[in-house]
Amino acid sequence: MSVSELEHPPVAATPPAAVEDLSPRGGRSRAGVAWRTYRGRVLRILVPALLIALWQASSALGWADEFTLPPPSRILDAYGELWSNGDLQAALPTSLQRAGIGLALGVTIGLALGLFAGLWKIGEEVFDAPLQMLRTIPFIAVVPLFITWFGIGETPKLTLIAAATVFPMYLNTYHGVRGVDKKVIEAGQTFGLTGWRLATRVILPTALPAALTGLRYAAGVSLLALVLAEQINALEGIGYLVNNANQNQRPDIVIAGIGIYALLGIVVDVLMRLAEHFALPWRPRVTIG
Amino acid sequence: MSPSAEAVVDIRGVRRVFGDRAVLNGVDLRLHQGDVVALLGPSGTGKTTLLRILAGLDAADDGRVLVPKARSVVFQEPRLVPARRVWRNVVLGSRHVRRDRSRAVRALTEVGLASHQNAWPVTLSGGEAQRVALARALATEPGLLLLDEPFAALDALTRIRMHDLVAELIGRHNPAVLLVTHDVDEAILLADRILILDGGTIGVDVTVDIEKPRQRTDGRFAELRALLLGRLGVGQATAAAP
Amino acid sequence: GSEADASGNNSKETTLTFGFQTADYPALLEESGLFEDLPYKLETPVIAGPAAQISALYSQATDVGLVGENTAAFEAANAADDWNTTGPKVFTIAGFTAKNAPYPAPSLFVKKSANIQKLADLRGKSIAYNFGGNIYAGYVKVLANAGLTVNDIKPVQLPDNQAAAAAFSAGQVDAVVTGYAQIKRVVDSGEAVRLATNEDLGVDGGAGFITRPDVLDDPAKLAAVRDFFGRFSRFYREWYPANEAAVEKVLQSVLKQTPEVSKINWENGAKGRLYRVGDSAFIERQQKIVDAAFAAGGVKHQRDIKAVFNPIVDKESVPQ
Amino acid sequence: MSVSELEHPPVAATPPAAVEDLSPRGGRSRAGVAWRTYRGRVLRILVPALLIALWQASSALGWADEFTLPPPSRILDAYGELWSNGDLQAALPTSLQRAGIGLALGVTIGLALGLFAGLWKIGEEVFDAPLQMLRTIPFIAVVPLFITWFGIGETPKLTLIAAATVFPMYLNTYHGVRGVDKKVIEAGQTFGLTGWRLATRVILPTALPAALTGLRYAAGVSLLALVLAEQINALEGIGYLVNNANQNQRPDIVIAGIGIYALLGIVVDVLMRLAEHFALPWRPRVTIG
Amino acid sequence: MSPSAEAVVDIRGVRRVFGDRAVLNGVDLRLHQGDVVALLGPSGTGKTTLLRILAGLDAADDGRVLVPKARSVVFQEPRLVPARRVWRNVVLGSRHVRRDRSRAVRALTEVGLASHQNAWPVTLSGGEAQRVALARALATEPGLLLLDEPFAALDALTRIRMHDLVAELIGRHNPAVLLVTHDVDEAILLADRILILDGGTIGVDVTVDIEKPRQRTDGRFAELRALLLGRLGVGQATAAAP
């Protein structure tokens, strides 16, 4: 068998059943890479776009009436209205600030407690039970209690958001810490790392993926908590907009509000993906297909 | 090597670049059924990278790669699934895991670990884990067997047993075998052909024509060892002397 | 407010915190211009929901709160102690209703297809309502007037007015207690009709204003409260009916109501007046509602609730 | 130096500064083990008990008045009241059944989507965006839509609970799958595992800790969602009890309800710990102290 | 061994039981400053277990364990922190990581990996990772150095360089060293004393009194090798012949 035979194999175009061709395929492969990259971006936008098209169609075809599920076109008008009134411009910064401060508080506490409970048995013994209790509090039912305890200023709003975000952060951090490879921890201990330095140099970086999952979840929760928080003496904010529209028979604004939520959710998600990208450069990304 | 038979592994001009370093830079290799080829080379020279490409776990950046469909690999690390007991790890790829339990136990018996069949991987010693990985590879009927330093964590006696085991498997299924090792003696004992990978290409390709069983006392053995160690940069005086 | 000026010289330092449930009130009060140059400081936080209002009041975050006309009476009927002996923890000091409103609320609406001609026909039918406030009062009076108990019908309790209206509009229930604005669509299309209005049911409807005893005991605060209700009465009598465009604009811009809904609300509101909570006929109607609620299991005790209606600002609310 | 010298060392009782004695210490150690085991149980009960004691004290000392924070004794009375009315006996089975069914639905969907999105890039591209949008929907604002679409029977309640639990399950499963050691996945692939079998034999078992975290979280969410779900035409259930008490200014019953939630939360937690114990026997448990 | 000095490692009657198997069943061992002791033994015999007890990572079930406070370990696996770059892994235990970067780079240069200082551990080859682990251990000043098959994944040339490096460190800081290895030649080349662990106790304890540098050609070398391989169960003919 000569080299030229191998390079232009007469029959090898159809290799015997037991043989597999793993050669990189020049032209196709470059197109393939490009396709895979763009397919991702396209699908991420296409799927929601298709859902919206379906929704508009369902209105046009009369599957849902205007009142219960206004068509996307009506939602666009609602955005126009909110924008020209200046409601949107006022709501976003206010709400984002509230969500941000509440989230920062909740995440800090959740992270600290999660680390503590994850690292030290006594931490778990002390904090786990109270936190398990905290997370089952139905916040919707305790809004009046929050008013009683924290008044009607910003405090109850921020407390509520913070309280709602502590748990997801705690739980994921805790499990992340517990999931760190025992062998690597031992290595750190052997080289004299204990306590805080062991946590910051070995455990926290390695548990970061889990902590980021918690943060991602908590960020979503902080937005959701706005709806409750902004029932308390708020005159602007996305949660307030949604509540108000709900009480005034404006399903289009309710859905517009949900749209803002969804958008913020996606923004949060993109930010978290970026954060993960930068915070976890060491982590190989795998999928099986 | 049987030149009449068709090559089952046929790679040509394989390149693999990490960052701006071409770890493999035009590697050609053909293996036939039953070939046992040892691959030597300094640490970090691309041996594992080449094996990964042959295993289909990594794609070459350039070149041509034809390999048998049925491949078995013993990785440089044991790579056991931590959540499955030892025996289930042995028949990991099997279609009927429960039915194949006896096969798993047989393979474990061969590597001397029948008593650990129900253990969790995390409780195994380094050498035990490596032997489970070996049992897993030997329990299959591959067309190509890729071994990445499979005996590194084994003591001398266990190592000899494993050599025999691998030889037996080769006799039984006649796969092509590519064995990465750092032990020159091991390479000479087991292989028909010895390659040295360095600087991104295969620099040395010698056929071992000492009849088996080979003896370390054999003059040709010592000669070949000296040759290979020389090419690996180890001076005679320091280590290569018999 | 000349009368308020007389009552205290350092009353500028008094703050009256008046909790509303919706944001249109603060906007309308400002729009009317009647609440400028007050001899005290007025704050108008917006706190949604009667439960939150009462919490805010009890915790002294507010001095006066807007709730339903019967909210304080229900509190009295639910309290562990009898307020007739311990003294009320909250008072209703004023109320607001729209008599002869073109679209009276709460009203009972029924699906035409449900074949309900009179209240008694509700037996075995499903009725949607939400707990608390006028809607609930309407609901329990429907039962009382129909001579039915909760076991004779299929009660469908939903979280709020909107949900109840949605259930009715979607054909999930036979009847609903709600306002016209919420189910305008099915009424206009002829699928549903109104079977009884709030007046038929003996429910005044509208709002109640509650406060704590200690607010009334504080002379400066009391003066501020009196002043406020004097102005508020004028607001409803004079300003609101005369300023349709301004009111609807506020309802549309602040509450995001559609022009149609805001017009309905203005037409109702234009008939709105403060009333005297000391009026014995009114108190009797309230007692009946509480009794009916007790029969329906909505409150825990059958109590005489007279004591919670405190006529202390009736003079300002309804000037002769 | 003789052997006897070593066994009874004259000076070694105080070893030189640079030397450490790692010998197991007979008597002390056994007591130590027992102490550590019991400390855990004791602390887990003691901490909540202390909180309750503090709470009762704060009422007794007049730090909090009856309305803002009714003392534990009042809460006990509330339980008595709920029990003698039969409310509690009716509420628990109803609510647990609802939560259970909704959770089962939500967890199944979340697990399937999480695996799908974790395993295949295309799964992530198709499902991630819609799910990120789903999770930010403030359910409180869409109750009217739920009623219109799903009526007023059990369907909207179960749908709501399921919808609320899908996301935590999805997110944790997804991250768990992505976090599985790439090397082990490769080993599975090499031995001929693909698709479903790769998922069930390698990825799912290894991602199980994360999936269980998701389940634990989702279980809590399913209880919380009861409060919303049971606003819709429910006449019994814990959520209904809490809502009803909230509307009737009965902070004692609200807190009693939260107590039930907390208890259920702890029950869920204990069950999940047991599940983890049995599902993850291979996992070494580590803490650093 | 300097009998006059106080032992820095002093363990007596150490037992360690897993399940119902006593992996260590009465192990006695004394090491002095500067002692270099090699530990041989079949796979799964408890060598790593003993090292873990000496490192303070596992507790004996019974017995007496006295060890220096400052210990360094090269584990059987590299055990690098995946989330930290290579150079940070080298100065993992350091109090002032940034200030010690130059020390890290020096250690990496010694193991031939200066160019990988900014790499992530996951991109290293097997031998590279092992060398980073070695650099990490050698960058400290331990009283006791525990090496668990530290050269298993290295090619012959790199292995010789690493031998030199370890010898140099020993010369500099004079720690007690316990080296687990499966390579009998390596044990003889490096150690003052060679132990064989088997059946839960130390069965063989021989002092190597061949003057350094030792030559494989030396008769005493071959003799000792034959002795040890014999005790490890390897017949002369098969592998022990020089």
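All chains are identified by letter, namely A, B, C, D and E, in their written order; residue positions are counted from 1 within each chain.
The rule we apply is simple: contacts are C-beta pairs under 8 Å (C-beta built on N, C-alpha and C of every residue); 3 or more make two chains touch, one makes a residue touch a chain.
The structure displayed is predicted, hence computed values, not measured ones.
A comparison of the A-E and A-C interfaces places the larger number of contacting C-beta pairs at A-C. The mean-CA centres of subunit B and subunit D are about 47 angstrom from one another, to the nearest whole unit. We define each chain's centre as the mean of its Cα atoms; on that basis subunit C and subunit D are separated by 42 Å. For the pair subunit D and subunit E, the distance between mean C-alpha positions equals 44 Å. Subunit C has its Cα centroid 84 Å from the Cα centroid of subunit B. Looking at subunit D, one finds that residues 67-68, 144-145, 148, 189, 243, 246, 249, 284 touch two or more other chains. Shown for subunit B are the residues in touch with two or more other chains, namely 56, 70, 77. The residues of subunit C that reach two or more other chains are 51, 54-55, 58-59, 160, 162, 165-166, 169-170, listed in rising order.
Contact annotation for chain pairs lists A-B, A-C, A-D, A-E, B-D, B-E, C-D, D-E, with touch applied as defined. Here subunit A touches subunit D in the complex through residues 36, 39-40, 43-45, 47-48, 51, 68-69, 118-122, 124-130, 132-133, 135-138, 140-142, 144-145, 148-149, 167-168, 171-172, 175, 178-180, 182, 185, 189, 194-195, 198-199, 203, 209-210, 213, 216-217, 220, 223-224, 226-228, 239, 242-243, 246, 251, 254, 257-258, 261-262, 264-266, 269, 284-289, going by the rule given at the top.
Contacts from subunit B toward subunit D in the complex involve residues 55-57, 70-73, 75, 77, 79-84, 88, 92-93, 97, 120-122, 136, 140.
Across the complex, subunit A is touched by residues 6-8, 10, 12, 53, 56, 59-70, 143 of subunit B. Those residues of subunit D whose C-beta lies close enough to touch subunit B in the complex are 183-184, 186-193, 201-202, 205-206, 208, 280-284.
Only residues 19, 22-23, 26, 45-49, 51-52, 54-56, 58-59, 61-62, 160-162, 165-166, 169-170, 181-182, 185, 253, 255-258, 261 of subunit C touch subunit A when the two sit together in their complex.
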